[in-house]
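Common to both upcoming complexes is chain A, partnered first by chain B, then by chain C.
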Partner chain A sequence: MSTTAPSVQAPAVPRTATWRERISNPWGRPRFLAITTWLYILWSLLPVLLAIRFAFNSGRSRTSLQGWSLRWFWEDPTLSVFNDPTLQQALKHSIELALIVMVVAMPLGTALALGMRRWIGPGSGVANIVLLLPLVTPELVFAVGMFLLFTTAFGFIGLGTTAQAIGQVTFTLSWVVLIIRGRLATIGKDVEEAAADLGAPPMHVVGRVLLPLLVPAMAASLLVAFALSIDDFVVSQYLASGADTTTVPMRIYSQARGGPTPALNALATIMLLVSLLALVLAYVVFRALTRGEQSDRGSAFKQLATDLG
Partner chain B sequence: MSSRWIWRLLAIPGLVWLAVFFVVAFYAIISVGFGNVTTLYEPVPHWNPLDWNVGYIWQAITNVLPGGDTWDTFLRTIIYVVVAVILSLAIGYPVAWYAARHAGRWRGLILVLLVLPFWISYLMRMFAWTNLLAEHGYATRLLHALSIDTLFQKIGLLDGTDWLGGQHIAVIMALVYGYVPYLILPLFAALDRIDQRHIEAARDLGASPAGAFWRVVVPLSKTGMLAGIVLIALPMFGDYYTPDLISGSPKTAILGNAINGYVQGGPDKSLGAALTLLMSAFLLVFMIYYLRVVRADQREMAQHA
Partner chain C sequence: MSEGDIRLVGLVKRYHDVTAVDGIDMHIPAGEFFTMLGPSGCGKTTTLRLIAGFERPDDGKILLDGNDMSRTPPHKRRVNTVFQSYALFPHKSVHDNVGFGLRYQRVTKAEAERRVQEACAMVRLQGLEHRRPGQLSGGQQQRVALARALVLEPPVLLLDEPLGALDARLRLDLQVELKRIQEQLGVTFIYVTHDQDEALTMSDRVAVMRGGQIEQCAEPRELYEAPATAFVANFLGASNLVPVSVTEANGDGARLGLGSFTLRAETCALPAGADAVAMIRPENVRLEEHGSQGENRMPGMVEEVVYLGFHQEVRVRLATGTLLKVDVPNEADAIEPEQGDPVSVHMPPKHLRVLAADAAVPAAHTTAAVEQVPAA
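Moving on, here comes the complex of A and B:
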């Protein structure tokens, strides 16, 4: 048996590696790492998949499986997402806010990124730091500041939808600028300089040369603004004024520990579907927009991934 | 015609927006923290630094010092964040390393799965655990079947049987669960950039696999690792919803809970503002470090472009 073994083995593997070699050889197949990674992925996604599954329960339990139904989406006459005004209101308000934030943050951020690029001089350093600070400020600090601002000096705006939208736009703005700026860096300055050399006034350099090239990044930043707004909890909560300014994350927060029905799972599931739908839509749009630039398949995704930072 | 004005004109609306709603908002915290209150305990901000009242700041400082009201909370926050960051690294590093180096044909799929949590609302991810860790939840049952609950009770990590009833371990694991995706991505980017030839050179020159890892890979990924740590530690300091959802008990309250309690709950908004200021001052060091890393990175990218 020991004499036949070598002839059976493939020539590329002269002997079986010890487990020590297996885990430490940088060229080998690292099983330990593979197992860790897949276990991690399972751990990170399974709870959410189960939460989605509970949304389809026919019973009231959110802790064990009880058949399949759409009861918590619309069939239940009082408790389902479709028939419970508080849940429906949260869904509507979340989407409404996300649309406002998207539409305001994208143009504002694009203009800012374009302007900052050519702004060399006193103040540009400070402006750059102020631009990056929202990315690292803990959301709570930011929310407390906004809350105090809107309840004191800016009392004329007050709390509510407007304040929530302003708050979300403010921290979304920096992300938009980063995305546009990344794209501007890959475009390079040659294109604008060529246009200017050929006699194009600055307005045309921006309008006819840069903006068309920036469209994919603008689409990506719309998506990011939408996603950041949908996911936001702290700012929306601090700047909310009452029941009609409750968003989905706020609804989850206030009901999660109070014996909720699977309708809350259903609400979260719908929200997740909305953001995945936005992602797919953005991907399709992005691919259509960048078709001319890259021919190989999958490059649009890579470009989108790089544009998203 | 000068072409300069058009660039300025483009930048102005965004800069004014940030100045008003970010800089002035932060100044509002300062003004309230150094301000006063009406007889109904409504905060009266003192916008003029000459009128500043240091009473609340002083109270906040004495509260976070040993023996003060917030000292326990402050200490707990530090312990939670440090333990959660260490656990996140222990989980995140192997995962990022595998995805960057060894995933082979699975790489695309693994990357998508690693990014997927970003598209799931944080609150929903926490809510999912409240389903599983409830009394008859699947996680509770699994932990019981594996005798992990009795083991944890013996070594003092679990008090009683209710995972959602003020357990430190549950809140720390929830923080890890919530924030580890944000650590993995920068780590992945840093590890992905390492030239395989550096590792091969180290091995050719006689380094053991572990030696090559510790003396080549780890130093080369240090910047990405530190940036990732800061990226997850900062929001953990400002977190209050994770302990609220996973425990809801004052036993697991962290600084975020204290601030949230003052500002949204009670009559002590000014003290809340003062505490927010203290926390910001404490975090400023980390924030500046992160900004420097990001800017160095941007410059490097600009040079390559």
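Moving on, here comes the complex of A and C:
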């Protein structure tokens, strides 16, 4: 009794928080959230880091650490990525294919997205769903179908690079359309109407207003197309015609069963670098293109991230 | 003959089973500041979009200086629009936004440059030509939108709630400016708004719309003082709508029955026996001491007094149960009514208007100005 009474009038003494308050303080930093996030990031990076580590292994093993070297990149006269013609061929073909897919899927997807926006009426709803179908179809089913198509009805095309490119463009297109349409939705119809109102014929509305506003999304979809193609295994595998149409994922998969060497890790590391480079490049280009559209820094990245879905 | 004469003939627009514009006939002479006013969904914006060419009418004609343009695509119509959302091109500078449409007019580079400068000067945007729209305030963006349309020197300018997204202070400034520009250029303005103050202060004529049709089209003063329908009276400003029955009607006016009381109105377009509402503006009702005698006086009791600065709004419950709103100016020698005071209200015959009863417009209890709903 006598101890509680004066403490009411006493000036507030900074009281050390109980540990219960520390844990459940709603004004504090969300520690658990941060810890969980970092744990997840570490966990997801771990296999990648491990794979990269073994790319620099000086021994032949892909399981035990044997010092550091660049042997599997180019120093080894026969087995390194640089000197093994099969690995080199796979890398070349993968990048070639990815470039073709990028350059075909982006303009095609953009045109499709613009067309879908104009198309109101019966059928447009169905077309919408069909366009997005490849996003959810099992890739294997899609690839088997494609394989049958190119060996029967479209036999004149046959298997090989062309078939692989067509196959990859087909499913990449859905992503491109998704990205472009997302951006179109934020652009809004009123800008188009304003341009027409000011005298611009339909082609100019697209050329002078819509396309410039779509450039960031187009850059994003280029990147996505590239990444999807580089990553693709199932479609490339089914539609390949021989050694010269083997992609990196296919090569890694087949060699992993034969005599795997850290050269495969080196190859994967190179692919990772190429992808990262593409991302950085896209970001730089994006920043340059959207300058002035947003005022705050870092928003370009956010916009890119939104456009990437 | 000056350009910019717009005539709408039997204009109809349907969306599936909804008729947005239901047979509008309207004539807007060149150089007029014409406003379409109405609540959300009354068809005012659709009518404007039909004139601009963004929508195709299902029936009717749109004549600009006598030529039907209802089948002309928007980019070939000599009308320009200022959008509520501004619809500026975010990737172009102010200068390029304003100059956008000049490319489609036969003007030299130097001439185009001069006109862009002139347009920017007219809306007071000098010095901001190289900014992007994202770096401008809402009011400045609206000025760019205005300059972009005016630079083409259209005979008719369409404005779709152009001040809707701005704060009250800026709205007043831009209202004055819009009116100045319109008078200076002599361009026909067709203005869409749901804001009655905006409509009354700027317009030469106002069309009050309802359900895709024009309820009344008149000058602001006539619209306010002599509304043709209960809907117009209710939508424009505050009004008292008292349900009455017309007991006697002749050239000199009418006698109206309200419970056991009789009121006289100076004008009446309705025949005897009709159900009607008597409309009187709160500022025209006089508050007198209890027991004062004379025609059109009724006893009542003060139910509520709301202080509003330069005046107070007194709500009086009449003996018949009707609630009447009275505006009492805060003058030095005004009587100070208090809640519960018995009073007498005087409704001068010349201010009493007899309108047809309208089931959709709430009567009996007086209603304040219609709630302001953003966007049509």
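Following the convention adopted for this analysis, the second predicted complex is superposed on the first by the 271 of 309 C-alpha atoms of A that agree within 3 Å, B and C clash if a C-alpha of one lies under 4 Å from a C-alpha of the other, contacts with A are read in each partner's own complex, and residues count from 1 in each chain.
In this text, a residue touches a chain if its C-beta (ideal position, glycine included) is under 8 Å from a C-beta of that chain, and two chains touch if they have at least 3 such contacts.
These numbers were taken from a predicted model, which means no experiment stands behind them.
Asks: Should chain B and chain C be called a clash or a fit once both complexes are overlaid on chain A?
Replies: fit
Asks: Based on the superposed arrangement, let me know which partner A:L70 touches: chain B (first), chain C (second), both, or neither?
Replies: In the superposition, A:L70 touches no partner, neither chain B nor chain C.
Asks: Now for A:L213: first (chain B), second (chain C), both, or neither, which partner does it touch?
Replies: second
Asks: Check whether chain B or chain C contacts more residues of chain A in the superposed model.
Replies: B
Asks: Applying the document's definition of touch, where does A:I41 land relative to chain B and chain C: first, second, both, or neither?
Replies: The first partner, chain B, only.
Asks: Tell me which partner A:L99 touches in the superposition: chain B (first), chain C (second), both or neither.
Replies: In the superposition, A:L99 touches no partner, neither chain B nor chain C.
Asks: Once the two complexes are overlaid, how big is the angle at chain A between chain B and chain C (Cα centres, nearest 10°)?
Replies: 100
Asks: Answer with first, second, both or neither: which of chain B and chain C does A:D190 touch in the superposed model?
Replies: A:D190 contacts chain C only, not chain B.
Asks: I'd like to know which partner A:A200 touches here: chain B for first, chain C for second, both or neither.
Replies: Only chain C; A:A200 stays clear of chain B.
Asks: Report for A:L281: first if it touches chain B alone, second if chain C alone, otherwise both or neither.
Replies: Neither: A:L281 stays clear of chain B and chain C.
Asks: Give one of first, second, both or neither to describe whether A:A268 is in contact with chain B, with chain C, with both, or with none.
Replies: Touch status of A:A268: first partner only.
Asks: Once both complexes sit on top of each other, what is the least C-alpha distance from chain B to chain C, rounded to whole angstrom?
Replies: In the combined three-chain model, chain B comes within 7 Å of chain C at the C-alpha level.
Asks: Chain A residues touched by both chain B and chain C?
Replies: In the superposed arrangement, which is not itself an observed complex, chain A uses residues 188, 196, 201-202 for both chain B and chain C.
Asks: Using the touch rule from the top, collect the residues of chain A that touch chain C in their complex.
Replies: The contact residues of chain A facing chain C are 188, 190-191, 193-202, 208-209, 212-213, 292-295.
Asks: Note which residues of chain A are touching chain B in the complex, please.
Replies: Of all residues in chain A, those touching chain B are 24-26, 29-30, 32-34, 36-37, 40-41, 43-45, 47-48, 50-51, 54, 62-64, 108-109, 111-112, 114-119, 127-142, 144-149, 151-153, 166-167, 169-170, 173, 177, 182, 185-186, 188, 196, 201-203, 206, 227, 230-231, 233-234, 237-238, 248-249, 252-253, 256-257, 264-265, 268, 271-272, 275-276, 279, 298.
Asks: Spell out the residues on chain C that touch chain A in their complex, using ranges where they run on.
Replies: 52-54, 73-76, 79-81, 83, 85, 87-91, 100-101, 103-105, 132, 134-135, 148-149, 152
Asks: Of all residues in chain B, which touch chain A in the complex?
Replies: So the residues of chain B in touch with chain A come to 1, 3-4, 6-15, 17-19, 21-26, 28-29, 31-32, 43-45, 47, 91, 94-95, 97-99, 101-103, 108, 110, 113-114, 116-132, 134-139, 164, 177, 180-181, 199, 203, 208-210, 212-213, 230-231, 234-235, 237-241, 244-245, 248, 256, 259-260, 263-264, 269, 272-273, 276, 279-280, 283, 286-287, 290-291, 294-295, 301-302, 305.
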